[in-house]
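First chain written, first letter: the chains are A, B, C and D, and each begins at residue 1.
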Amino acid sequence: MTSGRNTKTPEDWWSTSIIDMQPGMIRYRGYAIEDLIGRVGFPEMIYLMTRGELPHPGAVKLLEAALVAAVDHGPQAPSIAAARMAITCGVGINNAMASAINMLGDVHGGAGEQCVRLFNAIAERLGNGHATEQRLAEAVRAEVRVQAEQGVRHVPGYGHRFHPRDPRAPRLLELVDAAAKSGVVSGRFAAIGRAIEAELAAAKGHPIPMNIDGATGVVYAELGFPPPLCRGLFALSRSVGILAHAFEEMQSGERNKGPIPRHLIWTYTGPPARELGDGK
Amino acid sequence: MTSGRNTKTPEDWWSTSIIDMQPGMIRYRGYAIEDLIGRVGFPEMIYLMTRGELPHPGAVKLLEAALVAAVDHGPQAPSIAAARMAITCGVGINNAMASAINMLGDVHGGAGEQCVRLFNAIAERLGNGHATEQRLAEAVRAEVRVQAEQGVRHVPGYGHRFHPRDPRAPRLLELVDAAAKSGVVSGRFAAIGRAIEAELAAAKGHPIPMNIDGATGVVYAELGFPPPLCRGLFALSRSVGILAHAFEEMQSGERNKGPIPRHLIWTYTGPPARELGDGK
Amino acid sequence: MTSGRNTKTPEDWWSTSIIDMQPGMIRYRGYAIEDLIGRVGFPEMIYLMTRGELPHPGAVKLLEAALVAAVDHGPQAPSIAAARMAITCGVGINNAMASAINMLGDVHGGAGEQCVRLFNAIAERLGNGHATEQRLAEAVRAEVRVQAEQGVRHVPGYGHRFHPRDPRAPRLLELVDAAAKSGVVSGRFAAIGRAIEAELAAAKGHPIPMNIDGATGVVYAELGFPPPLCRGLFALSRSVGILAHAFEEMQSGERNKGPIPRHLIWTYTGPPARELGDGK
Amino acid sequence: MTSGRNTKTPEDWWSTSIIDMQPGMIRYRGYAIEDLIGRVGFPEMIYLMTRGELPHPGAVKLLEAALVAAVDHGPQAPSIAAARMAITCGVGINNAMASAINMLGDVHGGAGEQCVRLFNAIAERLGNGHATEQRLAEAVRAEVRVQAEQGVRHVPGYGHRFHPRDPRAPRLLELVDAAAKSGVVSGRFAAIGRAIEAELAAAKGHPIPMNIDGATGVVYAELGFPPPLCRGLFALSRSVGILAHAFEEMQSGERNKGPIPRHLIWTYTGPPARELGDGK
């Protein structure tokens, strides 16, 4: 049977390079699961499953740091609030998690992915050789201009609604610098990330420091993660906070928890009371 | 203002012990995020966020092994198939993940949680002192009987539809035994898990080996995870496979991927063609 | 090929009695779609798709009334709040709807289903013949007692956290009474519903009026809808409010809308600031 | 207290014009719910809730027809397959519905919305006066060219992967024509829709008939529904099929139903069996 689209077998329709299975055997990307358990860590496993190969140990450290950094931002985040409300509605904890993860869209969880795209675009402008500060600055300005023309209003990865200085970013960059020093990563994207920060400060007249999305974006770009995977990695990370909050709320005894205390009623801004017309 | 249910402030309505935040400061369970990044691993972070304290290093190893063990079971799992179909429908990768995680219900992801409940119930029967093999067997039989009376048809955690012997279970138990030997865990739940396996074999006349749910259940029970959290931990683990499969399917170029190759049409078993009656 | 479970074809694996399709032909439960469009209403279609046959016109009116009655209960409902928050996170309107519908669980949307189960159980006790007020009262008491023994604390369908008298219930019962008078439905479940209301008032010493779940439960029981379908019908109804609220919030320009105004920070109740120990 | 963004009260934070509520009172867009129940139909209610006003009766008929037309397309649709698989995983019927509705993204459910945008863009080019066939054709060509430049490869609303002629479209257009004849709608968008169909046929050399998305797009554009609401209306409609299929699958007794019969194993295309390296 040919393997053309119109005549694929069901088995081919579900083909994958991720997992091989026979009764009694499970192999991920070729490695037997019983060999991986206890010898390979969870971040390593994340890398293996999504990228297809085991990572270098130094790369694991960076990936792990980025995953740790983004686990939670508190009940004011819609995803966290959703998880806490959902669990009081009589659904399973996985359903509460799902309702929350579902909210990590372009605005709530997509900035890391958008940063990596931006960093990659700038890296592509620079090409392979060493980039002077000046070339870096020019490439940054050119790419930011392109983005603005496409309607992107805020450069993703910089500034923060709540934190004047995001406490998570400097520490992550520190780890990237150390990894670049020992040759684990190139450091190219840390340089790009910093160059954007400098350009924004110059353009706006005040600092707009790199935030968690920019910093994890630097990490993921250094590690070569394709942008859509970066949104998924952010989701894996944030799922930890989502789970913790859902479980904590389970202990409250609340039922049908809404967004504000029960004695408060929303402001109504619609038409005044009216009657149906004739014929109704 | 009092903090009674009827008059809680919005801030109290959203109180949590997980995360503290001020502009420029984020602390998880009291620890500053910039101290955690690069010093605490991802499984440690999972433990800290859900349990409130950092785990002992030996406990981390066990938790990590359980998380690694359950990441994927292939496109025949409804959650994995759902993730692969969803990503072809023009939704974000987080939405594909959410649709899939949403399916990890009582039947598809709840067995680990149910195992922990079963193990805990048996442990409660045994009380604190040393349990002889005989007491263990009696407690197992008693609890399994109780479950059967409540309508539970299959003891969760044993046997497998596909694997005569689940390759993930022995390796996990090996790690639990090592941890018990060095005093990191008690080994009490490994003993319970094995006793159930023995009882089932005796009752059915053939082996019904512990599967991934039973083995991760042993790990989580040894580590003291409350049962609902176990479903969440399974979801975190399975999210890795879900993400990997969604990303792989993104590369296929498929649009609106259904469950079977496009040239196949489902069997129709309903009424024959008929006309609407009068008045329609 | 046999049609046993182990050797089903993919086409049989996806067999259904709901829809038949060939290129250029679509039939629902045997009826051609081009015949249904413009001749059959949306509630009729809901009935046909879920029950397999077109309903009697009087039954349509009742179903439609129940669907209209439950469309929304305002932004204090977790599902509505979730939809409004989700749409500000950069996800599609279907994703915002999904996150919300996902919350219509046992506590937030399951009461109608639970009412139908209760009403059916009481009807089963009564059997087929005419039920005197006394037999009705006895059957109600017996069934409520059974529920209490099974741990059900509140009889679903009566009383309301917010409304002393739910404005939706009397009107629905009025329509059921009219339908019973003209023989469209038996009126048996309206009688059961009222008998429970009487019993609760007697037991508690004050009225606990039937609420929306009890009233729609009466309608769905009179129409013979199986309980799980009732949860789905509630979801269809509530989806209307969910959609309306999501769309309204789209106009606000909010980004990452959380549960409370941005200047409010949740109350932190966890450990005080602390340092990592040695080795970290 | 001012009502600026930084100092909104919680009640203002959740303000809405859709629903007003006090204990014992519920009004939707100003109408008391007990007045609406039994007097206003479900499609009318959908219109009222989403648009803010009750529709003209002729408009209701069109809306209802479009909602009826799109309820289901069989288990080969990823949303339908997902609902059927989900319900076998031990989640609630609302969760199965949610996983499915979540898949109605740009590719699986977004074409109706995209059609309305396209029709609106063409209408805007034409302005208010009568449009001759020639002007219509020019406006169509111009707009399709703009879309192509923006990377849109297929004009949404025309052609179908499965149906040479989508049986749902002609009937819907028939109803629009009748409504235009009696002045309920302008007929302007039906003309635009047909003009696109003519242009595509001319450009490709063979018919590419309007499909369900184009036809419902014509209806929704005639009724003035904003494009994002159109995706929501499609979701409301498809939820009916989703619910019906989930409920039917509940009767099957399947557990963890995957996409293909259980005896089939997916084709593995990854690396051959391999060992972990040193240090593992």
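Criterion: a contact is a pair of C-beta atoms (placed from the backbone, for glycine too) under 8 Å apart; a residue touches a chain by one contact, two chains touch by 3 or more.
Not measured: the values here are computed from a predicted model.
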Enumerate, in label order, the chains that touch chain B and chain C alike.
A, D
With over half of the numbers shared counting as same, classify the chain A/chain B interface as same or different.
same
Please flag the chain sitting at the greatest distance from chain D, going by CA centroids.
B
Just give me the whole-number Å value for how far the CA centre of chain A lies from that of chain B.
23
Could you grab the centroid distance between chain A and chain C? Build each centroid from C-alpha atoms only and quote it in angstrom.
35
Which residues belonging to chain A are in contact with no fewer than two other chains?
9-10, 12-14, 16-19, 21, 32, 36, 40, 74-76, 81, 91-92, 95, 98-99, 102-106, 109-110, 259-262, 264-266
Using the touch rule from the top, collect the residues of chain C that touch chain A in their complex.
10, 74-79, 81-82, 85-86, 88-91, 95, 98-100, 102-110, 161, 255-260, 262, 264-266
Quick check on the complex: what are the chain D residues that touch chain A?
9-22, 27, 29-32, 35-36, 39-40, 52, 54, 91-92, 95, 98-99, 102, 259-261, 264-277, 280
Show which residues of chain A lie in contact with chain B when the two form their complex.
5-10, 12-14, 16-19, 21, 23-26, 28, 32-34, 36-38, 40-43, 45-46, 49-50, 61, 64-65, 67-69, 71-76, 81, 84, 92-95, 97-99, 101-106, 109-110, 162-168, 170-172, 174-175, 226, 228-229, 231-233, 235-236, 239-241, 243-248, 250, 260-264
